[in-house]
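Here you go, one structure.
By letter and in written order, the chains are A, B and C; residue numbering begins at 1 in each of them.
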Amino acid sequence: MKLLDIAIKDLLRSFRSAFALVFMFVIPLLTVGLFYFAFGGLGGDDGFDLAATKVQVVNLDEPGSEYGDFSAGHMLVDLLESENLSGLLEVSEASGPARARAAVDAQEAAVAVIIPADFTGAALGAGSAAVELYQDPTLTLGPGIVKSFVSQIVDGFAGAKIATGVAVEQLVEQGVSASDAEALKQEINLAYGQWATELGEAHQDGANPLLDVQSTGDAGEEGTESLTQKILSTTMVGMMIFYAFFTAANASESILREEEAGTLPRLFTTPTPQSTILGGKLLAVFVTILVQVIVLVVIAALAFGVAWGAPLPLALATLGLVVLASSFGVFLTSLLKNTKQTGIVFGGVMTVTGMVGISSVFTASVPAASDASQVAHTLSLLMPQGWALHGWRVVMDGGGVSDVLVPLAVMLALGAGFFVIGVLRFRKRFA
Amino acid sequence: MSTDTAIRVQELHKNYGDVYAVRGISFDVHAGEIFSLLGPNGAGKTTTISMVSCLLEPTQGDVSVVGHSIRRDPMGVKAAIGVVPQEIALYEDLSARENLTFWGKMYGLRGSALRQRVNQVLEITGLAERQKGRTGKFSGGMKRRLNIGIALLHRPQILIMDEPTVGIDPQSRRNILDSVKEMNRQGTTILYTTHYMEEAQELSDHIAIMDHGELIAYGTHDELVEIVGEMDRITLMISAESASVMERWRTTDGVHQITAEDGTLNLLVDDSNVVLPRLFESATQAGTRITSVEIQEPNLEAVFLHLTGRALRD
Amino acid sequence: MRVIDLALKDLMQTVRDWKAATFLLAMPIAFTLLFGAIFSGVGNEDDPRLPVGFLDRDGGSVLSVHLSDLLNASDAVRPVALEDEDLAEVKRKVSDEELAGAVVIPAGYTERVLAGEEARLTVIVNEASAAGTTARNGIQVAATRLRGAVQTAQLAAQRYERSSEARGVSADEAFLLETLGKVVDAWEEPPLTVSVTHSAAGDQGEASEIGTSEDDAGESNVFTQSSPAMMIQFSIAGLIGSAELLVLERKSRTMQRLLTTSISRLGIIFGHFLAILILILVQFALLIGFAQLVLGVDYMAEPLATLLMLGANALWTASLGLLVGVLAKTEEQAVMYAMILMFVLSALGGAWMPLETTSQTFQTIGHLMPTAWAMDGFKNIVARGLGLSAVMLPAGVLLAYAGVLFALALWRFRFE
């Protein structure tokens, strides 16, 4: 009973502290709220309100009269300026390459597309050409989108030219239609073009005749929205774990604060066993983290639509996190002499272990980060926060009880170790 | 131990490596009395009562509190005592009522008995009207009253008070001393530490004087004063520091002891009426003027001075 | 003079707390390295392309070989051969992000494709991840080129068969396969390419072509984002110490004592401000030095521009620290305010993730924050290679912020 009294007293004090409440709830929710806001949470039904990429186009293409009215350069420009892409690209035509590059340098545009003078000629005739994308080196997303569309067109022309060239060359080599190479070229070109058009139309209808794509993630109707949600969910769990450990450290520090304030020695003069006193304080740490996690899980689900996974694995992940965070906080506190040391130790140790532990959260939004994810994942498992994150991500990725058992076992084992060391140190200190 | 011995301290030692904080002290506190441990800062008083309160483990020796040994039955000891620490030990973010309720639970009180007792202590300490206020906002005096009130919740047989009047205003001090006497009148045994001679004199049935970890004198006020007999204490100030006048006074008939402290000279003499003229004469002969004279009848200050050669307030 | 004495007193108090000083330097360095290492794909410096599993169940058929060649030539992905693995294991590797994706060539794929029947490659990716999307696109490009090659070869073969001489099935098949091979080989040097260029750190506006055909923009230093970001973020975090100093001065009543001396209120505020400013300048200088010498972030390519940004950034940060110290009543409040400011300003300002990845609304609001302007200014120097004129606007905005924050602190201090 006295153990509960002590725990309740500590909980009362914790939840009255504005400082503690800010770190328990405000900062993690604020951080995720910022991400939610960043990735279009206020975009309403339209979802992700990605800013249109500003593009400067310079079409230097001068097709010869032999190509009639056809201009590959114009075709490319028309595609970029098409209605379909108006939500993604904001295209303006520049007077020349220098002006276009200057616009990029002045950050008036993200990328300049410079179509060379011999583009049509290279596409349909002899020679080669390169479409230049002059981009802002600090940007990746917008220029990446532009490159993707431009590459499609360029690849299409290149494909047709390769097809025609190789096919005619082969046939002529075999003595077929040597005299009528031009007609043959037209024939192959037409047939290939028809094939490419059919392929393109199939893609536009939503089918993929070439690939059967099986997604391992929880993709929504639109890839962008699910990516956004994934970033948000990953960030939320990362922040929750990061701040759970901070809260545990702060709550455990109450042992030192009470020692200095004299109320802990006073407690020792009452007929209350030392184990009850310590047990009550540790119980308070445990319950504080539990409340924090539950509140954050609920608010994140309701406000940000975070899908946490199945209930039982979620409960197990919660148990693992609460035990591990509480015990790590107790362990760290047991190493300190007084509250003067807590600032640097908690601030430094918690920030370093926390950020390394949740570092894989930061790679979620980076396209070329598969190797980076691996590096981050490996590093993170050196930290207790990393194991907590691993367990929660298993659950959030749809894992069941059996999937979460290994990370849970590690969390509980680490937790037990930290707890035992921490308690032994405290008992020795207060003996 | 006789039935009216509340606390028996037996050959208590406490050392930290080579530092000896308490060296083999022994004394008895009778049930129902006020017992003071008197001594300057660093004498070992707080260390002694920390051991009695089961906060510190003695290096050697034992203490028995109403039949419970601090070594073998600390819980029994703690149930019988209430401790008022020197520094205020309250939860400043809790209200007065919340503090008392919590501490009452730690002392084993529950339910309506706890509520009733909390109300009583709030009345006793004069904090009933401020019971819901955060103690962090209380004045120093209010905090001190609450600090004492906590120790009274479970109606302890023995109240241990560690220098409860340090650093407070005279009015609050007066209130505390009166409260101590009242609690004692109601039957509580009180073990009181202080470095104020007047407090020990006013309150105590028995006094133990400590210095450098040792118990150098023990007894009632009158018994202790007997150590210095009928000796008077004269405090003098002279116009100029003079080794020769001090030497003369040391050898003056009737002077037992001279110590210098902060520009004043303290002398223990047989009869100030007889010795004082001799002192004036010696001073004149030495070319020194006596600028102020204070005569005190035998008291604990004199006892301490006699036993240690230092003033109690050194 | 008294102002300088006050500043020196503050600096002495701060420097004596060597742990705090270490924290202010060690933390940003550590996190710059951490984030730079993570985002540099440190595990595979030689080939930064996304690893994509390649599971050939078609027994090394001609299309399997050609697809492998096309993937090897890709600028986005690189194939990683998988031997005899079952689909579940492949899916696990993709889920665990060991692979960005995987392509499985089903048994009989080549036969069906050459027979003109429907046949698709199986692609396993996490479409909810950016890496997965990129991997899928890379495989799509290779698959389109492969099937284009098949189409070409079939067209040519059909023409070949229709030619007057009858050569037999095997000759026709040989012709088809040879044509197929030549088309795939031709993709190694396509006639039309996309070249990506950007201005390197150097003269303003001068573009240097980094590469042709392939995107070499990834060769730019990954620390050009994390270095200024962590520097800016931790300079705000460092305000905790400075703000606490002011709080402690108030609590210990030495502030009140100061107010009874002949130093004016403005002098007191200025003295504290000077101490905070010097600390931040030293912090920035050391971090810039570290980034320049160790991380290869070229702040010194434009020293005047860097100096201007350093000064402007230090001024607004110091003003913020002063305001926090004046407003906070306890050490806990000082920590709370500073931490909240650090998170909000860093997130909104693009220190955690480039603002280009966020929504339009967020970007607009983000640019109301001084941190966004600070990032812009520093990135103009280290990433865009621009000079003094490019940092005038960001520096100007930061100085305006400094003025406003300082004025607020001074106004609030009137009531001290």
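What we mean here is this: a contact is a pair of C-beta atoms (placed from the backbone, for glycine too) under 8 Å apart; a residue touches a chain by one contact, two chains touch by 3 or more.
Here the structure is a predicted model, which is why all the values come from computation and not from measurement.
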Next on the checklist: My parser should flag the chain pair with the most contacts; which pair should that be?
Outcome noted: A-C
Item to check | Reference chain A; chain at largest CA-centroid distance | outcome: B
Checklist entry - When the C-alpha atoms of chain B and chain C are each averaged to a single point, how far apart are the two points in Å? => result 68
Checklist outcome for this item: Cα centre of chain A to Cα centre of chain C, whole Å, reads 12
Item to check | Sequence positions of chain A contacting 2 or more other chains | outcome: 17
Checklist entry - Can you list the chain B residues touching chain A in their complex? => result 53-55, 57, 75-76, 78-79, 81, 83, 85, 87-94, 98, 102-103, 105-108, 110, 150
Checklist outcome for this item: In the complex, the residues of chain A that touch chain B are 1-2, 5-6, 9, 12-13, 16-17, 261-263, 265-273, 431
Checklist entry - Which residues of chain C touch chain A in the complex? => result 19-20, 22-23, 26-27, 30-31, 34-35, 37-44, 48-51, 91, 94-95, 97-100, 118, 120-137, 139-141, 143-145, 147-149, 151-153, 155-156, 159-160, 163, 165, 175, 178-179, 182-183, 186-187, 190-200, 204-205, 207, 212-213, 215, 217-218, 220, 224-225, 332-333, 335-336, 339-340, 343-344, 347-348, 352-354, 356-363, 376, 379, 383-384, 386
Checklist entry - Which of the residues in chain A come into contact with chain C in the complex? => result 17-19, 22-23, 26-27, 30-31, 34-35, 37-40, 42-43, 48-52, 101-102, 104-105, 107, 110, 119, 122-123, 127-143, 147-148, 150-151, 154-155, 157-159, 161-163, 165-167, 169-171, 174-177, 184, 187-188, 191-192, 195-196, 199, 208-220, 223, 226-227, 229-230, 343-344, 347-348, 351-352, 355-356, 359, 362-377, 379, 397
